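Supplied in structure tokens, the structure appears directly below.
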Amino acid sequence: MPVNLANNIAGLNLKNPILGASGTFGYGTLYERFYDISVIGGFVTKALSLKPRAGNPAPRICEAPGGMLNAIGLQNIGIDRFVNQKLPKIKDKDLVIIANFFGETVDEYVEVASRLNEVDGVHGLEMNISCPNRNNEGLVFGASCQITEDVVKACRKVTNKPLFVKLSPNVADIAKFAKVCEDSGADGLSVINTLSGMAIDIRSRKPILANVMGGLSGPAIKPVAVRMVWQCYRAVKIPIFGIGGISCVEDVVEFILAGASAVQIGSMNFVEPEICKTLAEELPDLLESLGVSDYRELIGALDV
Amino acid sequence: MDCIVRVNEELGGDFFYLGLEPLEPIADIRPGRFFMVRCSQSADPFLRRPMSVADYKKDGSGFGLVVQTVGWGTSLLSTLVPWDRIDVIGPFGTNFEVPDGARSLWAVAGGSGVAPFLGLIDHAEGDVDHTVFLGARTSELLIYADRLKERGACVITATEDGSSGEHGLVTEPLVKKLDSGEKPDVIFTCGPTPMMRAVARIAEAHGIKCSVSLENRMACGFGACVGCVTKKRGEENYITVCSRGPVFDSFEVEI
Amino acid sequence: MPVNLANNIAGLNLKNPILGASGTFGYGTLYERFYDISVIGGFVTKALSLKPRAGNPAPRICEAPGGMLNAIGLQNIGIDRFVNQKLPKIKDKDLVIIANFFGETVDEYVEVASRLNEVDGVHGLEMNISCPNRNNEGLVFGASCQITEDVVKACRKVTNKPLFVKLSPNVADIAKFAKVCEDSGADGLSVINTLSGMAIDIRSRKPILANVMGGLSGPAIKPVAVRMVWQCYRAVKIPIFGIGGISCVEDVVEFILAGASAVQIGSMNFVEPEICKTLAEELPDLLESLGVSDYRELIGALDV
Amino acid sequence: MDCIVRVNEELGGDFFYLGLEPLEPIADIRPGRFFMVRCSQSADPFLRRPMSVADYKKDGSGFGLVVQTVGWGTSLLSTLVPWDRIDVIGPFGTNFEVPDGARSLWAVAGGSGVAPFLGLIDHAEGDVDHTVFLGARTSELLIYADRLKERGACVITATEDGSSGEHGLVTEPLVKKLDSGEKPDVIFTCGPTPMMRAVARIAEAHGIKCSVSLENRMACGFGACVGCVTKKRGEENYITVCSRGPVFDSFEVEI
């Protein structure tokens, strides 16, 4: 029985529902040493900003139970170097390239979005609204419904590429944010970004991360992510990328049942650099054993 | 790449040696490069642990790790027994590169930092004299002194409690030897950061080229997480230690 | 060097800062088969309500990466049976007994609180505001600052026992809630309750928990809990019980450095029934190795 | 309580037998009671796993578990080798209690559900006849049939593929034997829930006392989490299977 893995998600033609997640897949070229990345559905770039950013001082990462903490601080090479140096190396490959981007003000968001809109080889955009808001001391964009609405609407105006919004899990009611994004013109959602967390070195009495707080990712957050995907799925009609702690092919199906149209793999790429390829290869067999001939049957098929 | 554990040998203190045989030969193993080692198939610990290559076979059919038990991941490694399987990826990073024409090489090591110098001396080419300065808290922790001697290296030891060699830090015999007028073509150093920092300062003060091996926390080991950064001296931008290092010219980086 | 572990926390005299957390320590008697519970600082009862509650259907628990999910549904024997049948068995023991309680309306909260206020042998109260609000479909009390204020103020009026409020982590800004509780008269905070999560059986396509969603606890949530304790510590002056994923004595110190005056151990009691005793025994040695002669020196001593 | 692994024996299919020796004798082991087994010292898996006592020594100095590999926890247990340590707590719960004066006992088991009947028959007192109905998908999975026969039990097997004994479900030979007029004083059953449910219905229809062993998901095993609940028949309140069971009179609970 041939199993169908292909799907058109908000205008993106994915040959399978496995993507590399932003910040864990570089600009795509890095994983070429391990496998030909055109076997996966696509990937999302590290978050891009108008200007290059240095990011936070080290240590930026540490182990956490069942996962890891990171505080990279959105280090990136900036949109120009991405377009000129990185994109040419991968744009002819047969996979979907989504540019994750952010700004420190709504205007910056809009400027990056309109720049990316012109870029050939970028198939879709993913707005990262979990980043600090320069006009709003300490708070991230994605913590306020109003600002989320403003920034999504503003970016929507300047791009006709598929626009995904990546939601912050550090909110009380994620479905509300999902709805706001849908109503503001988003084509899809990416659920979830990292949970805010912290770890302390008891001997030095200092936070382990130089930035004090960081983002928790990995298997530890999977139950929270699955719950949020399901809550968003019930709230909106636009497609959802499920993200958070995926480490095996069963996890992929779990997210799809919860309502994800495709999934993104984050930290697990660090542990098993070939994980995206492995998942794309293993998915048909698992689907077959579940008696499913088209993975799309399973999207949101949770039986409650 | 799955490897078969051939040996797990206690070395004294918290140190042990793992002798590994990969299922297929691994290319490009070199002293100073490192593997990312999976300590368990479970989600705890989640990340791989970076471990320098110690000795190795030229054809890549075997290599060793010198590991110090410091936490959960390394304590899991310490329980491995022959015929167990262990999953590593790599080798990654830059290696200790002996400059062309160098005749005399000094290596300064602390703790498991001796690892790369085993392979380095085993596979030394040409006519290079090796002197290894080994430092430890106490004599029990001075691992591999004998083995290095057997391979023809001159080994100078220092212990903080004076139980073997010079009494004090390993930088003391280093300074003494330099003060006595001897001068190597290059100094390599690997071990605790304060030690490497001191060695780099001394080398710079004497105008000797010095390579250091940084041990930043790493999540991936191959440049994807941008977690393991350090700054190039005098530059604002961060670079990843795993792919641009771990072995750097001491002038290149802030340590 | 003798190490001091004793402290007066919001009027409660604790001989050491190790307590059993609500819902994991029953009504105290259960752990007597493993050790004499008077060696620990105290414990918090399973949540009590006015009337006994049957709770949710099974399955109520499942494994999660680095922890577990539960949806017990606040099953409890009700305040009367607690007072008449359980309390007499433990009230003469030398440890602090805190009654965790809830209601489905503000009035019910007040009624339980005033009943508990009269009960000899109950030394303190812990309000569980992470439970569903009957007047507010689907939402829990602790998700709204206004309702939190109302319920804390109302209960404060009817009790002069130390009143702790146990905060829900499923909010965007926990420090705001901490401040509301302090301003409304709470004597202390318990941080955190479980994170909302979910798991799916991919073969049956059903949620593993009969209740669909459940609460995530265990080591997986530790980084989130430490972060929230620290955020609350910076926001308020009242003492904090640190809770979430504690499994070893180093974790205890991590929470204390983040600002906890004492800690509560939850799910780890299931895995190691003697864990609270073990932690109380191991703490002095660890403190000594850290050069600390009084654990109170470490409260909030994080060096940022 | 730490135990030393003495034996890890494959039994066919995904089944294996672990023979354990506790560092100190354990009191009150009885057929039907269970241990909570720690599968790893890491946080993944986090919870202990419930496992019924199989055979055991009367003085508590040794006991066995019959385990089926179904997931992560049991697959970690399957890798144990002699001299490894394993940490268990218990035994917890109720046991299979042979009614006073019973002369004939039938046990119906599927898969690892045979475990308690090993100990039961080993330590049977008085003059009781044992008949064990063993069901499995295929003959390879019919574990311990020979051993039970050696101990004098009459063993009747059924396989779904007909590779051994009757072709079909284990309830078929049970019904046949009852229809032929035989009637035991009590029926015990342990195994998959649908099987136990069918056995309980049959026993009830024939007016035979029947004990079932429920296998709810458990977090603690000793009544603290209130996670493992079931309902008493006709009552609204939930009871904990770990402490009020796992062995119940079939009339007592909803299955």
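When the chains are written out, they are named A, B, C and D in that same order, and each has its own residue count from 1.
To be clear about the criterion, contacts are C-beta pairs under 8 Å (C-beta built on N, C-alpha and C of every residue); 3 or more make two chains touch, one makes a residue touch a chain.
Predicted model only: the values in this text are computed from it and were never measured.
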{"item": "Chain labels contacting subunit A and also subunit C", "value": "B, D"}
{"item": "Chain whose mean Cα position lies farthest from subunit B", "value": "D"}
{"item": "Separation of subunit B from subunit D, taking each centre as the mean of its C-alpha atoms, in whole Å", "value": "53"}
{"item": "Chain centre separation (subunit B, subunit C; CA means) in Å", "value": "46"}
{"item": "Averaged-CA centre spacing for the pair subunit B and subunit A, given as whole angstrom", "value": "37"}
{"item": "Per-residue multi-chain contacts in subunit A, two or more chains", "value": "64-67, 218-220"}
{"item": "Residue numbers of subunit B (touch at least two other chains)", "value": "43-45"}
{"item": "Overall pattern in which the protein chains touch one another (line/ring/star/complete/other)", "value": "complete"}
{"item": "Residues of subunit A defined as touching subunit B within the complex", "value": "23-26, 30-31, 33, 46, 52, 54-55, 58-68, 70, 72, 75, 218-220, 247, 267, 269-271, 273"}
{"item": "Residues of subunit B touching subunit C in the complex", "value": "43-44"}
{"item": "Footprint of subunit C on subunit A - complex, ascending", "value": "64-67, 69, 143, 170-173, 195-200, 202-207, 212-214, 216, 218-224, 226-227, 230, 245, 250, 253-254, 257-258, 290, 298, 301-304"}
{"item": "Complex contacts: residues of subunit D adjacent to subunit B", "value": "40, 42-45, 72"}
{"item": "Residues of subunit B touching subunit A in the complex", "value": "38, 43-48, 73, 89, 216-230, 236-238"}
